[in-house]
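Read through the structures below before going on.
The two complexes that follow have chain A in common; it is paired with chain B in the first and with chain C in the second.
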Partner chain A sequence: MTDKVLDPVALSDWYVVATASEIEPGRSEQTRLLGLDVVLRRNTEGVCGASLLAGDGAERPMTSIVERYGLIWLCLGTPRREIIAIPEFDESQRRVIRRGRIGVATSGQRVIENFVDLSHFSFVHTGTLGGYDNAEVPEYRVEFREDATELWATECRFMQPKASAAAGAAEDVLYDYRIWSPYISVIYKDSLVCRGKKDLICLFVQPLEETVSVVHSCALVHDETNSDNHILHFYHEIFAQDRSVLIQQLPKKLPVKPRRDIPTISDATSIAYRRWLDKSGLEFGLDRSLP
Partner chain B sequence: MMRIDSVNPWSWYPVIASGVLGAGKALPVSLNGEELVVWRSRDGVAAVWNNRCPHRGMRLAFGAVADNTLTCAYHGWVFENDGFCSHIPAHPQLKPSAAARARVYPVKEIHGYVWASVGEPAGAEPAPPLRDGRRVAAVRTLHVPVKPEAALALAMARPLAWWTPADPLPAGWQQSAELEMNDNAVTLHWKAASQKFTATAWLPGTVNCTLIDGAQSTEYAFLMQPTGTASAAIHLAVAAQDTAQRKLALNQACVQMRREASALASTGLLAWLQALVAEKRAADAIESHAEV
Partner chain C sequence: MKLYDYILDADCYKVRLLLAFLRVPWQPVKLNVHPGRDHHAPWFRALNPRGEIPLLDDDGFIVGSAEAILVYLATRYDEKRTWLPMTPTSMATVMQWLQFASGDLAPLSRARMRDLTGQMLQEDPDRAQGRSALEILEDHLCERELLGDEWVAADHPTIADVAIFAPTALAEEAGLSLENFPAIWRWVDRMRRLPGFIVMPGIFPVPLLKHDIGPSLASAILCRCIVTNSVRKSSAGDCSFPGHGLLATERVLNQAQDDSRRMQFSPFVPI
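And now, the complex of A and B:
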């Protein structure tokens, strides 16, 4: 694991390591990131700091720690860019539902690949996000944006029996997927309450180890009727279903070389994501062996 | 060159008793460190595949059998008995590429078990569990957390009897056992006043045992399934015509043996058997020299 810590690509990126409100003034919390021990500590003035915990217990303070969107962001090396811009967090018309953290015993890349996958809806989320009778995945677009630093899948469309907690009848729902980093992705999905508006589902994976992840997630939704608990319950059920397949995929690290797996047309996002990861030089969480 | 070594990828090994694998069932099994799925179509045909969907690595043992196909739980790809994908629900009009195929292993269903090989099997079909060819009944499968070689030694050195769940022979009987070897078998003989025990290991993985105690006698076979580097499954089979009570009693004796497995392995049981083999080999070498 030690050599993976030197993975410069992994080290120069931003990760969510906690929800800001979880750490109260004067309190600290120990967690892990990229196979390293990290201590998060909020002083009595309310400022949150982070340090790396060495094997002998010594703490090395980290400078790249930021609180944004109600989350604590950490970069263990020299950040190569700004934190993802999600202006919708500052708009007032959506409710922010924080789904807390959920552990999954697989690589973060497996989690993201599943998050941006349409073709499992009918089999894994039968009755909510898909149905056996509507398993067909219409063609969508895959493109790189922001100087090829972001991967987008747009014009994704899927017939969903119950697309959200607020959804009434089955509808053909439009999706855009945005993959900002190997571990961070946002879904922009048609709101079924405010026509023409988008709900957001943000997934921030904290890779504890190469094959152990914690998923932090927020939903920004237009919903005036359901309680927080009701909305949370809807998402938890969906995520529990995803988790049940994620922990059964072999290998746990995501294979990135062609022909390790056999994709089809609807896997365009997955193919692009794997190629993009391969080219990025990232090692952490990836299986780079050839077929 | 003879070794007590039950891990031979070029051989048939039982992976499940036929009766346990009903039509429409899919179950995970392991062989020589490989994760496999064994499943039976509605038509009753058993197949053994790598437990990994070629699409995106989902364990196929979580799939569902419909008619004579196995459907992956993740994206619903449908696989035929020969391992080829015949239907991709995301693209119902598309003919799946021939590359979309599960990794299929040689399989034979015979003698009450489904047998598989993760390499090219050495023979056309597995030998009968009881070498005289009598029909057998599967009694129980034990999973033991020891090397497959140690499991083989355990099967030879811990007799089972339907009249007692404990070791039916006096403590330490193994020390005075004799060993005989020929090209593909190792036999342990032990004899006292009214007791006689013979265990023959047909390498790499079948053990036939005969125990006589006064007027009582029993006969059974242990079939080795090397699951990993430090784990094995041992299938106990008896002659099909044995009474139900005796099968039940042997089943219980087998459970008792399972409790003793780790302890027996750590007493150097395997080392002892291997030493016997080495000693025998050295003696044979001297004899053949003398002949020259």
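And now, the complex of A and C:
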């Protein structure tokens, strides 16, 4: 584990480690990130700090901690870039539904790969995001943006019986997937309430260990009819379905080398993600063995 | 009828499942149990001082605790009285197994919720206790089968089966594999085939394919599809047209065989 923590690629990136409102002034919380113990402590002025906890109990203060989008972001090394820009958080027309922490005993990369996969909809989210009668994944585009620091899958189209809590009837829904980092991805999905607008689903994985993750997520949705709790149940149902599949996948670390997978055309995003991870130099959570 | 409900709670699922079997209409009152802890909010404590879900409100009669709700629903709405038989011996037997569901299997649900809400422990003592309870259940179901009975407490399904089913079928989610519990597998499959059966996240329905290709093949393929998170139109599609994609089917089956651990999704398939 110690070797992996020295992983410079993992250390120089940003991770969500808590929802800001979880930690009240004067309170602290202990968590883990990249196999290390971290203490988050909010002072009485409301400022949240973080420190690394050594084996002997000594605390080393961390400087790269930021509160944004109602979340606490931490980088354990020197950040190589700014935190992901999601301007939709500042727009007022969407409701922000915070799903809380969901634990998954697998690597964060498995969680992201599942998140960006269209072909499981019909079989894992039968009746909401897909159905047996429309299991085929139409072709979509995969591209790199922002100097290849971001991976996008665009023009994804899927027939969904109930695309959101507010959806009334089955519809062909257009998706864009944005993978900002190995552990962070955002879906931009047609709103069925406000035509021409997008709902966002953001997934922020906090890798506790290589194969133990906590998923923080938010849905930014147009919905004027349903209660917060109704929308929350909708998303909890979907993510718990994903989780029950994720905990079965082996190996838990994501294989990234060519010929470790036997892909089909609908796996284009997954394959691009695996090869992109391979090139990134990241070690944490990845299975780099050759076939 | 209102049920104070949380979609991921195994105890709430016990009640939803019996309501579905009995075909009784009801409305959910959806609580934000995680992360909101609504069940500890003063307004909910006023209804249920124990701060626990599920809670049933049937036209003003309020009752909590999943097993008590099952007893109420079966006595009130099951005219044939099969879900809770009333002879002294059968009723006592059902009660004994309801106790098992709420007591012995409770550690499984606790471990599951800890894992699910990101509070996982490295060595969860509840997991070991949950395993012991599953061993008791496995032995019991095995004995029942030898006697020619397929259900926990009678020669037909009762509320004891419903109460035990939820935490047991979700054991994988508590980090406990059901691989070594074949009698439990078979019973879980029988439960899933009862008329009116409904699922919750973590529990999959019996596979339905367009053409009957036999339960083993169908479930092997679907479970392979589900667990690898990678069903392509090809694998699911091929198998619904016999003769058209046997090679693909065979490939899927071989992969499923290679990965026996994943086969636990289709316990009724001895390949």
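Throughout what follows, the second predicted complex is superposed on the first by the 291 of 291 C-alpha atoms of A that agree within 3 Å, B and C clash if a C-alpha of one lies under 4 Å from a C-alpha of the other, contacts with A are read in each partner's own complex, and residues count from 1 in each chain.
Operating definition for what follows: a contact is a pair of C-beta atoms (placed from the backbone, for glycine too) under 8 Å apart; a residue touches a chain by one contact, two chains touch by 3 or more.
These numbers were taken from a predicted model, which means no experiment stands behind them.
In the superposed model, more residues of chain A are touched by C than by the other of chain B and chain C.
Once the two complexes are overlaid on the shared chain, A:Val124 sits against chain B and chain C alike. In the superposition on chain A, A:Val245 contacts both chain B and chain C. Touch criterion met: A:Glu136 reaches chain B and chain C at once. When both complexes are overlaid on chain A, the residue A:Thr264 reaches chain B and chain C alike.
Chain A residues 119-120, 122-124, 132, 135-137, 245, 248-250, 264, 266-267 lie at the interface with chain B in one structure and with chain C in the other.
Considering their complex, residues 35, 51-52, 54-59, 62, 73-76, 88-92, 94, 96-97, 99-100 of chain B touch chain A.
Contacts from chain A toward chain B in the complex involve residues 113, 118-120, 122-124, 132, 135-137, 245, 248-251, 255, 259, 261-267, 270.
Those residues of chain A that touch chain C in the shared complex are 19, 22, 98-103, 105, 114, 117, 119-120, 122-124, 126, 132, 135-137, 212, 214-215, 227-230, 232-233, 236-238, 240-241, 243-250, 264, 266-267.
Residue ranges of chain C in contact with chain A, taken from their complex: 6-8, 30-32, 34-36, 38, 114-120, 172-173, 175, 200-202, 205, 208, 222, 225-234, 236-237, 259, 261-262, 265.
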